[in-house]
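Two complexes are shown next, each including chain A; its partner changes from chain B in the first to chain C in the second.
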Partner chain A sequence: MRLGNLMGQRRNGAGRPLHWTDIAAYAYLALGVVLMFGPVLWLVLSSFKTQSALLEFPPSPLPFAQVEVTVPGQPQKLPLFRTTLPDGSVRELAQVRRVGLLAQMVDPADPSKQYRVAIDKREPVRRVAFATENYTEPLQRFAFMRFLFNSVFVTFVATLITLLINSMAAYALAIYVFPGKQAATLAVIGTLMIPMTIILVPVYLVVTELGLANSLWAVILPGAATPTGVFLLRQYMLTLPKDLIEAARMDKASEWQIYWRIVMPLTLPALAVLAIFSIMWRWNEFLWPLAVLTKTEVYTLQIGLNAFQGELQTQWHYLLAMTVMTLAPVALVFVFLQRFITTGIGSTGMK
Partner chain B sequence: MADLKLTAARKSFGSIDVLHGIDLAVKDGEFVVFVGPSGCGKSTLLRVIAGLENVTSGEIEIDGERVTHLPASERGLAMVFQSYALYPHMSVRKNMGFALENMGLKPSEITARVDRAATMLRLADYLDRKPKALSGGQRQRVAIGRAIVRDPKIFLFDEPLSNLDAELRVATRKELAALHANIGGTMIYVTHDQVEAMTLADRIVVLNAGRIEQVGTPLELYNRPANAFVAGFIGSPRMNFLPATVISDDGTLRLSVGERDIALPRAASGLTAGTRVTLGIRPEHIDLASDAGMLAASVDLVEQLGGETFIYATAPGLPQITLRQDGQSRFGRGDAVAIRFAPDHLHIFDASGAALARP
Partner chain C sequence: MSDTPSAARPQPGMAAGALARVAVLPVDLALRLLDPPMRWLQRVIGVRRMPYVFLLPNFAFFGLFVFLPIGINIVFSVTGGSALFPSERPYVGANQFAYLFDCGSFLDPASCREDHFWRGVANTAKFVVFQVTAMVLFSLITALVLNMKIRGRGFFRAVYFFPVLLSPVVVALIWKWILQRDGLLNAAITTLGGQKILFFVDPSWAMFWAVFVSVWAHMGFYTLILLAGLQAIPADLYEAAEMDATPRWRVLTRITLPLLWPNMIVVIVLALIKGAQTFDEVFVLTGGGPGTATLMVVQYIYETGFASQVQNFGLAAAASVVLGLVLFVLTLLQFAAARRKEI
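And then the complex of A and B:
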């Protein structure tokens, strides 16, 4: 309904003929959709292709598979080809075997008759077919549920801890009054400048010393306090009317009560934004878990996916299918929280 | 209910002094209004009393107990903010009960107190609404209710009516006066509106540039302003100030005002001839006569309000003079009039602005 309304918008008001700017706007938006959504769609379609179809060139957009038929008298299913016979007629024949440049073909309708056909005189008969085994096989062989659980656990717990710790830090930096507040704020913002890769080794050493290596807490804890999150929440809290905080102080509220009962509920839009970012960061996190998780039972999905990529060979069909499985939960989160994201980002001024 | 005492309270923000040593005593149950132009420090003074700002030096006592360094939450005061500062995510009931929850009262007691206050403020039907769903006047009453339920030692009001429209402001003003009569309680009220100050206050504190100019009942300030600032601030339209020079002061004060000399019978106050003074006279204490007045003037503008009339007139060598007359006036623009001051209501200020003793 809302989309319908949106589509009905015209520069000159509803019901007017399209202005050229409307067309330009829609064209621009359509381009954006193609650019952003195209690769995802390609991934989903490709994840249903068989291993050989993935390597085919030129690639086909839809997953096709050659049709196979059962021919009486033949032990196996035979691939079907559209064949041009020497007399010029075209028939669908099944291939029994192929020797060099010649194929021995049989008519599935009349198995007694056999043909010898040059292989350039035939084309495979193909039909859209979804290779669902790309999904079912790894789901059976590969500890997908284990990895999914690990990923969900890391994402959920880490996001909760992040929200709690970051909002408390932001409260201190935005509302609580203490000496050295300015310096503390600068220090927090300063850490935004330090990329993860630089502190990877020291943090790794700390984590192993604490005996956390190969546990999910090793992934959860080091990244729980993010300067981005603290800064985002602090900026939002600064916009809360000062009177409200002072009213709460007059109302005999302790700092904890002001934080928990006044500031937190009013910071919900910014918290929602941070939650979404945190879910995204944690779900897609790769480098750090790869460093600290070396046992299969603690792998997250992202690390698990990495297992399909060997040194010599990559099982693309499984990798693509499992990537789709990995994407789905975050995509769902976005679908349901989309409203919060837009309003929250709008109100926090975060891009 | 409690009394309050400020001793030499100073407040500076960095190098800027906002309050220059305030000494003030507020009696138990008194309604005191702080009034002054914007930037005079009246809101800062209120916040210092509330504990939302710390004094730079000086002492604050509530009920004889030093609270100078106590945080706001421990002073036992309640404040109504200009913006009302209602918690937007809580219902009216929660808003009013928040402080009581923090005080650790039993839920039944909280409900009883909130219900009582809501009935008094005609909010009983709105207790489950969020502040967003209330009108300006209702929000104002919730803010007052939030203060009442706590039964605080002192109520502090920071320009509580300034966000209301004119009609509602008058109505709420009357309600506030009734409320004070009803529940008693020491109340301190900040406003820049001298009408609110005059109508509500037991005593008014006039502030200017971080100093107390005068403290007194509304009529004391009106009748006997201590200086030209108070005289000009209290009363609407404002008092006329006319520059004058002393001719002689020997039982009858003779002054040269504009192009005329006037004589005022009063005790000698030691003014020497040639001293420059300022004559103050309120618009309602000036009479118009067609002839034989003190000053000859011509009418610039007449504002007819039906029940009263304001006349703006100029006399040679003097600033424009405002006059108030009862009823409707027959004078029009350009008319020549004679102005007569009521001698009993004349105020004389010396060069520093201080009022000279009245006869």
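And then the complex of A and C:
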């Protein structure tokens, strides 16, 4: 016990002087936080800027927008400027119109008074304002909701199919002894070595021949049977007690019942890991949907976003907001399941 | 792989659990209804043949979308013309490969007939060398730092890991926004008195950022593998070293790095395999440009087979057979490394 205390004390470093490597480590971590979080934070902040604020250089850190006021007698809202008047006083005036280098200004408090000032004598009055229209407008103007629906549909259905057929195969390979088991296991390993990137063209042919071209099923089906999933589930099922299955057989349970009512509930933790992997794969999938989906109405979010970045070169305010919306679900999942995901990936070495 | 079950044990959040249960409910019902036909099937074919029934769906998918395509890919690569259906394509032997490999000098892509393919090969090779080096270096440093006795380790681990989950399109757009002409980085450069740099107009800068962004996005994954390796090193080795007052540098070079070496090999080979298939981030970030400065092999395959005006399936298939062979060799390396790790 005393030895333990001693070790603990040493380890937690109450008496231990701070080594230079500790300081270097914290410096490295601080830099890491800036470098890893910074870009995403910048994206989110920028996505709330108005189109004109995005064109500013150098950019301001927070989303600012010029204040606009309603002035009695003026049909539209007028932009507010901090104006230096000829007598040297500074007042906040609204601009009615601008003619060449002169601007016609009006005092919002006293609309009867009008001023003419040189445009370099005034500065826009700006406050922090979040341009939420960046988020609401694309929903109406583009097929964003359609893409979102497509992505959710693909992710959900594909994950269900993957969980079902992978677990069935894993069950066969883990529970039974049968001729050809070795060959089947080898075939799974072999499939592990064939990434989609090298069979794009022939899979496209198969999908076309099945009449699935330009449908969401063309995205869902080819990747549904994952060797990774079969492996992960098989490893887990191998640890289940065999007596349980024997007992069920005694009770005249069918093999299907053993699979669905006994083995599957016990495999839930591994199924959850595979579900998270599958959701991640499907939500982020890019090359295959890009190759096989050519009609806008079947685009997934990622393909839609990529198409937008080609079309909306000058409309970064929409593009940034849509990027944030694509990122948000993943970020939420990560916040809740962070520990679970990292241990899952760290110990299986897969992603 | 053997420690998967213990690793899978931590439970997901309550909310996720409840959600999963609701989602599973109709599936559960459907699969319970499947029992009578399955029971009948079991009676007809016998229990001994049931495993084949369970294997069937998954292997039907494998057959249709993996094994069959491998065969067709080879057929495609030895036939010509523009038809998609294999029987309508004339046999051309090794012509597609001869065309791909028709080069004045293999060191100069411009001397090749299919110069884009060779630029892709050259760019991918360059990309992989830089990316794997940087990836191994930074994920090693990060894993070592995260393995130290620091406060908030879980938080910092999450910080380095979260970009792994972002989609390549999102990653590329985040950085495109920062690196654009009037972006954050150029603002920083001009504030410090420099000149704006057009990162995506200069070939070397474009390649640099392609590598940088890819390391940024995937580093967390490799860090996790190395971290798992570091945590598997027996603690008593370190305690013994501490007793002997061994300097930290010697602990690192004599204990940590040698024992981490098997994991390092896994990381290197995995990074090589993924690196050779690089496409999405770079494609969205630079579009392969400027010119063909960041055009990768996979982008060449995609564009030849799908995106160009005249779709040349044969050439795309031939190129993917070449890429497939390279990946095959790399995967053999991976298995060799994994076996060494077990011993």
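Following the convention adopted for this analysis, the second predicted complex is superposed on the first by the 211 of 351 C-alpha atoms of A that agree within 3 Å, B and C clash if a C-alpha of one lies under 4 Å from a C-alpha of the other, contacts with A are read in each partner's own complex, and residues count from 1 in each chain.
We adopt the following convention: a contact is a pair of C-beta atoms (placed from the backbone, for glycine too) under 8 Å apart; a residue touches a chain by one contact, two chains touch by 3 or more.
Nothing here was measured: the structure is a model prediction, and the numbers come from that model.
Set against each other, chain B and chain C differ in how many residues of chain A they touch, and the higher count belongs to C. In the superposition on chain A, contact of A:Phe334 is made with chain C only, not with chain B.
In the superposed model, A:Ala248 makes contact with chain B only, not with chain C. In the superposed pair of complexes, A:Pro265 makes contact with chain B only, with no contact to chain C. In the superposition on chain A, A:Tyr176 makes contact with chain C only, while chain B stays out of contact range. Within the superposed three-chain model, A:Gln257 lies in touch with chain B and with chain C [touch as defined at top]. Once the two complexes are overlaid on chain A, the chain A residues touched by chain B in the first and by chain C in the second are 254, 257. Against chain A, in their complex, chain C makes its touches with residues 1-13, 15-16, 20, 23, 27, 31-32, 34-35, 38-39, 42, 47-52, 54-55, 57-59, 61-62, 64-66, 68-73, 76, 84-86, 141-142, 145, 148-150, 154, 156-170, 173-178, 182-184, 186-187, 190-191, 216, 221, 224-225, 227-228, 239, 242, 248, 266, 270, 277, 279-280, 284, 298, 301-302, 305-306, 313, 316-317, 320-321, 323-324, 327-328, 331. Considering their complex, residues 241, 243-244, 246-254, 257, 261-262, 265-266 of chain A touch chain B. Listing the residues of chain A that touch chain C in their complex gives 7, 10-13, 19, 21-22, 25-26, 28-29, 32-33, 35-37, 39-40, 42-43, 46, 55, 57-59, 156, 160, 164-166, 168-169, 171-173, 175-176, 178, 180-181, 184, 187-188, 191, 193-195, 197-206, 208-209, 221-225, 227, 230-232, 235-236, 239, 254-257, 259-260, 269-270, 272-273, 275-276, 280, 283-284, 286-287, 290-291, 302, 305-306, 309, 316, 319-320, 323, 326-327, 330-331, 333-334, 336-349, 351. Within the complex formed with chain A, the chain B residues making contact are 50-52, 71-74, 77-79, 81-83, 85-89, 98-99, 102-103, 146, 150.
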